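Let me begin by presenting the structure, written as structure tokens, before commenting on it.
Letters A, B, C and D mark the chains as written, and numbering starts fresh at 1 in each.
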Amino acid sequence: MAAEDEPPNYNRIAGGSLERLGALSDGVFAVAMTLLVLDLRVPAAAAIRDEAALGQALMALAPRLLVFVMSMMTLGIFWIGQQTQLNHLDRADRGLAWLHISFLCVVSLVPFSTALIAEFVTFRIALLVYWANILLLGALLFASWRHARRRALTRSDVTVALACAMERRIVFAQAFYAIGALLCLLDTFWSLGFILLVQLNYVLAPRLPVLRRL
Amino acid sequence: MAAEDEPPNYNRIAGGSLERLGALSDGVFAVAMTLLVLDLRVPAAAAIRDEAALGQALMALAPRLLVFVMSMMTLGIFWIGQQTQLNHLDRADRGLAWLHISFLCVVSLVPFSTALIAEFVTFRIALLVYWANILLLGALLFASWRHARRRALTRSDVTVALACAMERRIVFAQAFYAIGALLCLLDTFWSLGFILLVQLNYVLAPRLPVLRRL
Amino acid sequence: MAAEDEPPNYNRIAGGSLERLGALSDGVFAVAMTLLVLDLRVPAAAAIRDEAALGQALMALAPRLLVFVMSMMTLGIFWIGQQTQLNHLDRADRGLAWLHISFLCVVSLVPFSTALIAEFVTFRIALLVYWANILLLGALLFASWRHARRRALTRSDVTVALACAMERRIVFAQAFYAIGALLCLLDTFWSLGFILLVQLNYVLAPRLPVLRRL
Amino acid sequence: MAAEDEPPNYNRIAGGSLERLGALSDGVFAVAMTLLVLDLRVPAAAAIRDEAALGQALMALAPRLLVFVMSMMTLGIFWIGQQTQLNHLDRADRGLAWLHISFLCVVSLVPFSTALIAEFVTFRIALLVYWANILLLGALLFASWRHARRRALTRSDVTVALACAMERRIVFAQAFYAIGALLCLLDTFWSLGFILLVQLNYVLAPRLPVLRRL
């Protein structure tokens, strides 16, 4: 490819891809959110004789439902996080596209790590896999933001203070998730409970002024 | 995050998110609609010897097909309902985004509750789970509309009369669904039949002037 | 809802929905196209000892691959058909939205009827189910176009000649599919072969001037 | 259809379809990316007694995880490739739509060929199927670009040098993939390793000046 041709070529890729990156992301998040529910299996009819048995079988699904809700929150938090970031960008480049494709790759692993922790809720390894998944999501969003700043892809109205605040937000969140993961030394339920609280904080934050700045 | 930075930051999230909320919603509805059909399992070839046997096996799928159609109607009704609501909004905020993510979370449960009622069509618990799913869909759309009004996210041409009409529409519909659910005291088939009629009313309403105002 | 409020309300639904109807449709088609492939199951490793055995197992998938390609063509033909129709519309209304949701409901059945004919390729009932699926797709597109003409939803540059041509195109295509279905009186392979030819004609039509007008 | 009506009709299809082709493509890629993960099956709880056993079961998934990452890269490379191509087009026509639907059809086969190579990693036939999948992706993008140039669908600012560069890029990439496939004469692991290196080159290329021109 002649050197003169490259700039228009790659600029045009970049110009179009913010919008299509968003569309691809919405698709991957939508499918991942809907696949989570496949883990909630309907009890087999053969094993169920009466209402009481069905009630018990559904109650037995409760832990899976909790993990389902947690994973929906995780996906929601990172969907909003990615959207916020893309909204602050002016254009994309090839590197940004690959960072976001890697991010989506990790998003598509959420149904797997959710199924794993739902199946092995008392196993530390399952919890660490689940946490590694969240860590990778945060790390890739962080790397993408840094890349965007370095390549000047951000919008002209993004101040340094705002740019730093967005990085700080990711780092703080990941610090809390890491504390949650460490709690598995005590018990995986402490870990899951703590991670759940952190997530609830991010979902409800705007209404809790004390925690809003984290 | 410095207080001065917050307004531009969150306004811009809000500005972009109506469109991406719509795209995420279309994705989740599309996947949920297509997953419903996975419940229609093709009969195993080993068990089918001739045309008559295949015909019988397909006839045996009829109740599932009916539940499939009902669930498609449910998803269609709430897709149109959500779209109507988003069309009346001018912008979104973080709270609205989370109410709609919760809504999509419940949308993604529809294939589960559909599979449950298809498998246990005579069980009251299965019917109540199905109804609870519909109730949550309505409740979240209602909460989202109330939130939008309180935060002044609605378009400037939304009159108070129109805003109240949209709430009334949800409340009336849910009242009918609740009556349908109550009918399971008699029999789950009465419930399903009544809910089906209510849904048909909402699908065909514009052509039945008497019922149009509900 | 006060009568004065209804017109702005429903007009605005209509205004937004062409775009979101398109997005929902793209989602349903995309998922249906990708689910088709789930019917191509990877042979179980336990049963395969060497390259020759794997080659044979893959050859055994050939009929399924053919049905997969046929169904992709079916979905492609109707995706283009629906898109062409929506491109000729100026706005939507509630009735149009429901006709297209019904259309998408039938689209989501294509993986089911494809799996059925792939499993029971010599059974007439399976072929008739497959054909009924195609027939419903055409019938709903036809009904939607008629509805759009009756309610004056079409663009101002749609002439009567063009409007009739679009209807004729659907009717001709369905006539051919019906002939294909009738051929199952001889043999289901004649039916599939004929339907395949009709579809190839619609895919390649612009290059075969003699058939272009159908 | 009257001859006079055809041009406006098909032009309007074309006008709309670039955008909807992109949306359909994003949907198919999103579902294919998310389905890849279904191949990562959570170990059965019954077979796992302790952390060590779970650790081993997860380690046993490592080869599948590698194939998963490879396939995500394949999908990412071709998603960017298709997007770049569509970004350089001004409008679409029926032929282009069908070439891209065929392309999406092959995209939807990626989860199948990925599952095949993951299951039969030492079998040459599995590797050749995987390579054939990549070859078809490239061939269809190439055919689509040629078609677009012949029918003058490209943007007015696409120079001959740029047009040729885009073709050369596909041909070079496919030449490398073909070399990778040939290496299976030695061993399938050499093939996979070589293909992985080629893919890493395309993902990271902008940072390796020596290889950037390929």
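In this section, a residue touches a chain if its C-beta (ideal position, glycine included) is under 8 Å from a C-beta of that chain, and two chains touch if they have at least 3 such contacts.
Being a predicted model, the structure only gives us computed values, none of them experimental.
In a homomeric contact, the two copies may use the same or different surfaces; for chain B and chain C, under half of the interface residue numbers are shared, pointing to different surfaces.
Ranking every chain by how far its Cα centroid lies from the centroid of chain C, the top place goes to A.
Across the two candidate interfaces, B-D and A-D, the one carrying more C-beta contacts is A-D. Averaged C-alpha coordinates give centres for chain B and chain D that are 35 Å from one another. Computed from the mean C-alpha positions, the centre of chain A lies at a distance of 25 Å from the centre of chain D.
Shared interface positions of chain A, defined as residues touching 2 or more other chains, are 23, 26-27, 30-31, 35.
The residues of chain B lying in touch with chain C in their complex are 22-23, 26-27, 29-31, 33-38, 40, 42-43, 45, 48, 51, 54-55, 58, 69, 72, 76, 79-80, 83-84, 86-88, 157, 159, 161-162, 165-166, 168-169, 203, 206, 213.
Against chain D, the residues of chain A that register as touching in their complex are 1-2, 4-5, 8-9, 12-13, 15-17, 20, 23-24, 26-28, 30-32, 35, 94-95, 97-98, 101, 104-105, 108-109, 111-112, 115-116, 119-120, 123-126, 129.
Contacts from chain B toward chain D in the complex involve residues 27, 30-31.
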